[in-house]
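The following pair of complexes shares a single chain, chain A, combined with chain B in the former and chain C in the latter.
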Partner chain A sequence: MTTKEIIQRIEGEATLELDWEKNKITYAKIKFLNYRAIEDILVGKHLLDSLMITPRVCGICSHSHVNATILAIEDCYRNVGIDLKIGKKAHYIRELVLNAEKIQNHIKWFYFLILPEFFKISGKKLTQTEPFKDREWFEAQKALSDILKMGAIFSGQWPHGSFVMPGGVTSDPLESDIINAKNFLTLTKEFCEERLYGRDIEEFLEIETVNDLLKFDSTLDMAVTHLRELEFNKIGKSYDRFISFGKYGKINEPYKAIKTRIFKADEKFVSESLENSFFDKTNKGYTYSKSAVYKGDFYEVGPLARLMISKDKLVKDCHRRCADSVVSRIIARVKEIAILLKRCEYLLQNIDIKEKSLKTPKFMPKNISSNGVGIVEAARGTLIHKVTVEEGKIQKFEIIPPTVWNLGNGSPKNPSIAQKAIIGLDSIKKADFVFKSFDICSVCTTQ
Partner chain B sequence: MEQDELYLSLSERLGKLSKFPKMRDDGKSISKLLEENGISRRDFMKWAAAMTAMLSLPASFSPLMAKAAELTDRLPVIWLHMAECTGCSESLLRSDAPTIDSLIFDYISLEYHETLMAAAGWQAEQTLEESIKKYKGRYILMVEGGIPSDDSSFYLTVGPHGQTGESHAKEASDNALAIFAIGTCSSFGGVQAAAPNPTNAQPLHKVTNKPVINVPGCPPSEKNIVGNVLHYILFGTLPALDAYNRPKWAYGKRIHDQCERRGHFDAGEFVQEFGDEGAKKGYCLYKVGCKGPYTFNNCSRERFNQHTSWPVQVGHGCIGCSEPDFWDKMGPFESPLADRLYHSVFSGLGADATADKIGATILTVTAVGIAAHAAISVIKKPKE
Partner chain C sequence: MKKSTIVWIQGITCNGDSHSFFNYQNMKNFAKNFEIIYHPLLLSDFDLQGVMKSNDKYDFLIIEGSFTKKAEYVDRCGYSFEELVENLSKRAEHIICAGSCASFGGLFRQRDEENITGALFSGEEAGGYWDKNKKVVNIPGCPAHPRWIADTLFMLREGREVLLDEFLRPKEVFAYFVHHGCLRNEYFEWKIDTKEFGEKEGCLFYEHGCRGPMTHANCNKILWNEVSSKTRAGSPCLGCTEPDFPRDNVYETKTHMSLPATPTGVSRRAYYTITGIAKSFKIDRLERKLIQ
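So, the complex of A and B:
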């Protein structure tokens, strides 16, 4: 028997086609049926125009895309022997803007996409988080808009800010801007402390075990407790393989993890498979999404991968108990909010406004012929942009978004990360929820 | 006199609307919702006054505006997603909260919105079908995203029946009371319609024969959306539109006209390249590609993220995102348009051919002036 389920309350729309046998899911096809061909549109455009076009791939992670593109462009310079030497201030501002977007995304995912679903599954109403009605839902909305304002001070707007250029950033914040930004950061932090974590960020960051986590009366504690009752600590498990390429916290190099063992990784082993997509020549495709693989294997990306690789104690404790299940994914993503808030505090404290925001490159890329790669850890995981440019015009642009790592389609013998997490479940509701635990974005996946 | 008559007729309309049944199931009023979120009546009235000014109505109309806001739960709204990045929804519904604008948006009886609605999956699809039937001819339709058309319509299929986005949009438009194209994609095709337009993405007005009000911008500001809804509730008719069907109250002036860096333009003080001394001083960005002089929108006044900032404030020029086909016409975005405008393609854009011609003429005249001014300023201003 095969059933079809439309998945909504994600960014865009997806369809899950499930095969059933004796009330168990035996195979799942993940379909994304929208396509815009952004990679084709980029061909022939001026190199710098890609800074405007790639953010439009996605309305919820546009600043991750613009950051990946600028890194790719700067890599083009490096590959013709010009090191642009980006200053500390520019690095900090780029990271601040990116972090604001990630914090926003995680809060939104937890409150708007996960909690409503989750209470639907259990049938019980636990907190004051009902969309459009309850106070905490509105407060979450305010918190994420505040953190976006913090970012917008440096990026001009969110989404789709234009604020980066080869050599640095165009924004030149004043002391008053920094003070404003700190204010917005504090507002978001206060919300997280009061509602989400139920304690100070510092205190929360020191928690090392899941048992310690569950001692407070906060929304996160309640969600985790309840999810454990529903046994979501046992389902949604995949390969237990993680990968992370971008700069993240103390991690500066690409790593992969197989369970808890960590190895070095290299971008050159990443490839996009066209199998099962409409672009495949066999004509058997059923989706516009491609699949990203590392040496032919599927790896999970995202906050869980990042925190496993950076050996976060709480997440590792959680992983010891319930491996890469739904609960681990939720704890990792919500924990990352606190880590990012803390990091933003440091960045704001240490921006030297007297430093130059942008060191003008010796020549603008009018005549540049080169190629470059830009990698960023976006909210949903590793985002890779690769560009080939000739005489200043783009010849080829490749975008590998985080979602194609997690949400691609393999084969019954070698299912993708999300497919493996879904196979074996016994209800559509569970499959829907496990699917959503990856933080779905259909517009990035297919572009 | 005219003003009094208008005031009376608007009051009458609002009176009629208030007799419509409330559509929220909890029956909460907007005042209650605002109060719960710590917004006082006084703040609300201040907001109404600002909104009144934005729609170019006399200040004495503020109470009517407040009343209109209170009645936003009487008209059902259906929001459709086409080929897009969801950026319009993101920026409009949640990046500016919980200010009065966004609360009003939460308050509107949003019958269908893929990401936000309470229902999901099959249930949601049914809601959409039912809403279209139930409120036939009575709902406000908002569409976000470009629409892959004709032979390419398969690039977007939605819903349980594998309907194409195009037929979806057509059907919803046919039965709508008023139609708003939210964002540049839905208004003019947007990024997916940029050359070579691989998926043949078309704006909403090419798909339906009914009048479409365009609210372009990538993303458009939340004020412009909410303003349109309120305008409709107040007047029950379409607002005054420009040649590209954009409401004049929002798109009547150029970015350049109200720009905070305009003084530097007039004084001939320009940023010559990113990162120079002029950039540090906040000089005009025309020479590093600002398209403010050719772009009709109110960003310089309303800004983004609840008035926090906008691109020009952070030292990057306007890219012209609320103009038809700006992706192909305005690029490369880091150099001035100047005389290149003569060589650009204008055919087949906008509402119709006449509008294009008019638009082109206006733009060219401006372009000559701007380019001349920039050229003179170099001569006038000796190098430091």
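So, the complex of A and C:
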């Protein structure tokens, strides 16, 4: 038997085509059916115009895209022998703006998607977090808009700011701008402390075990407790293989992890498979999503991958108990909010406004012929932009978003990360929720 | 007063107008006045199938993303965009096009200009998905500012007059230029360009492609995320509320005989004369850093 389920509220929609045997899912085809051809639109454009176009891949992670694009452009310079030597201030501002977006993403995912879906599944109303109705939801909406204000002080706006240029950033903040940014950071931090974590961020960050996590009366504790009751700590498991190419914060180099063993990784082994997609010439394709693989294997990306690779104690304890299940993904993503908030404090404290925001390159890329790769860790995981440019015009632009790592399609013998997490489940409700535990962005998946 | 009802649907989109809207600063008050019956990114009592199958009338149909009649370009829960629009536009009192894609076709129109348009415009040309539809209000911008959407909804709900310009944009927002309230105005007055990106000083209009003096929007009056704007963050206005967005080669000012385009409504000869005079002043204060 085969059933088709439309999955909604994933920054768009997807269809899960599920094969069933004896009330268990034996295979799942993941179909993304909307496609905008942004990679094609980019061809023939002036290189710098990509800084305007790529943020429009995605309204929820536009600054991740613009960060990846600027790194790709600067790599183009590097590959013709020019090192632009980006200053510390520019690096910090880029990271700060990116982190604001990631914190927003994670809060939004938890309060706009996970909690409402989870209460739909459990049938119980356990918190006052109903969208557009309950106090805590409005507080969450305010908290995410506050952290975006912190970022917008440096990026001009969110979403779709364009605050980066070859050589640095365009904004030139004052000390008082930084004070203002710190104030907005404090507001979001206070919300997380009072509601989400139920304790100070510093105290929360010291928690090393899931048991210690559950000692408080907070929205996260409550969610994890009830998710365990519904056995989401046992389902949604995939290969237990992770990858992160982070160039920001704690992890500075590409690594992969197979369970808890960590190895160096290299971007050159990443490829995009067209198998099962409409782009495949066999005409057997059924989705616009390509699949990203590392040496031919599927790896999970995202906060769980990042925190496994950076050996976060709480996430490792959670992983020891319930591997790469739904609960681990949720704890990792919510924990990352606290890590990013602390990192923002550090960045704001250490931006030296006297430093130049941007060191203008000797030439703008008007006539450049080169190629470049830019990689960032976006909210949902590794995002790669690759550009080939000739005489200043884009010849080819490739965007590998995080979601094609997690949500591509393999084959029954070699299913993708999300397919593997869904195979074996016994209900559509569970499949839907497991799917959403990856934090899906359908617009990024099929640019 | 009963809450006004909203159904929000998407054509070819990046979701940017939704996420911009989620930053609205008084969402609690918004929720007291409006009920979102359906939004693709939010869990609500109705899903899309439920809305499509009902016969209810809605106060507002908000459409985000470019319009298309080509069925293979949009699939929303099994419905083509045309199916969604044909069904829902008839049952809505007002149609709000949120963002430049829905208003004019936007970035995604560049994929297929024949088949991807805005509601009533195809770029600058009149005639888009429809030739006529009196219910439509365009709120362009890439993305649209949350207040542009919310303020318009409140005004229509309260039965206040919403005056529109020739592109059906509310004049309250789009009678202004991005230039108004720009902190670099004095540099513009005296024709002093910013020397390089990354500085507070100087105007971005002469060399760096800024479209502020010809882009209709109140960005520098109400600010983005209540705190800033592109020009305040040192980045040129990209002209994203205009029907010709996105233009090519945006970070460079197109020049005519090495002179930039003139601001909207200003004669070229007069402008260049005044430019020459203004430049001759050489104001020392404006040549230096603002804070030294």
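Of note:
We take it that the second predicted complex is superposed on the first by the 446 of 447 C-alpha atoms of A that agree within 3 Å, B and C clash if a C-alpha of one lies under 4 Å from a C-alpha of the other, contacts with A are read in each partner's own complex, and residues count from 1 in each chain.
Note that in this section contacts are C-beta pairs under 8 Å (C-beta built on N, C-alpha and C of every residue); 3 or more make two chains touch, one makes a residue touch a chain.
Owing to the predicted nature of the structure, the values given are computational and were not obtained by experimental measurement.
Once both complexes are superposed on chain A, the partners chain B and chain C clash. Contacts of A:Glu5 after superposition: chain B is touched, whereas chain C is not reached. When the two complexes are overlaid on their common chain A, residue A:Arg36 makes contact with chain B and with chain C alike. By the touch criterion defined above, A:Asp432 lies against chain B but remains apart from chain C after alignment on the C-alpha atoms of chain A.
In the three-chain superposition model, chain A touches both chain B and chain C at residues 6, 8-9, 11-13, 33-38, 40-41, 45-46, 48-49, 51-53, 56-60, 62, 108, 112, 116-117, 131-133, 138, 141-142, 144-145, 148-149, 152-163, 165, 167-172, 356-358, 360, 443.
Taken in their complex, chain A has these residues touching chain C: 6, 8-9, 11-13, 33-38, 40-41, 45-46, 48-49, 51-53, 56-60, 62, 90, 108, 112-113, 116-117, 120, 131-133, 138, 141-142, 144-145, 148-149, 151-163, 165, 167-172, 174, 180, 356-358, 360, 443. Within the complex, the chain C residues that touch chain A are 10, 12-20, 22-25, 27-28, 31, 35-36, 40-44, 47-48, 73-78, 107-108, 110-111, 142-143, 196-200, 224-235, 238, 240, 246, 248-252, 291.
Listing the residues of chain B that touch chain A in their complex gives 26, 28, 36-37, 81, 83-91, 94-98, 102-103, 106, 114-118, 120-122, 124-125, 146, 155-160, 162, 165, 190-192, 194-199, 201, 218-219, 273-276, 279-280, 282, 303-306, 308-316, 319, 327, 331-334.
Touching chain B in their complex are the following residues of chain A: 4-13, 33-38, 40-41, 44-46, 48-49, 51-53, 56-60, 62, 108, 112, 116-117, 131-133, 135, 138, 141-142, 144-145, 148-149, 152-163, 165, 167-172, 288, 356-360, 364, 432, 443.
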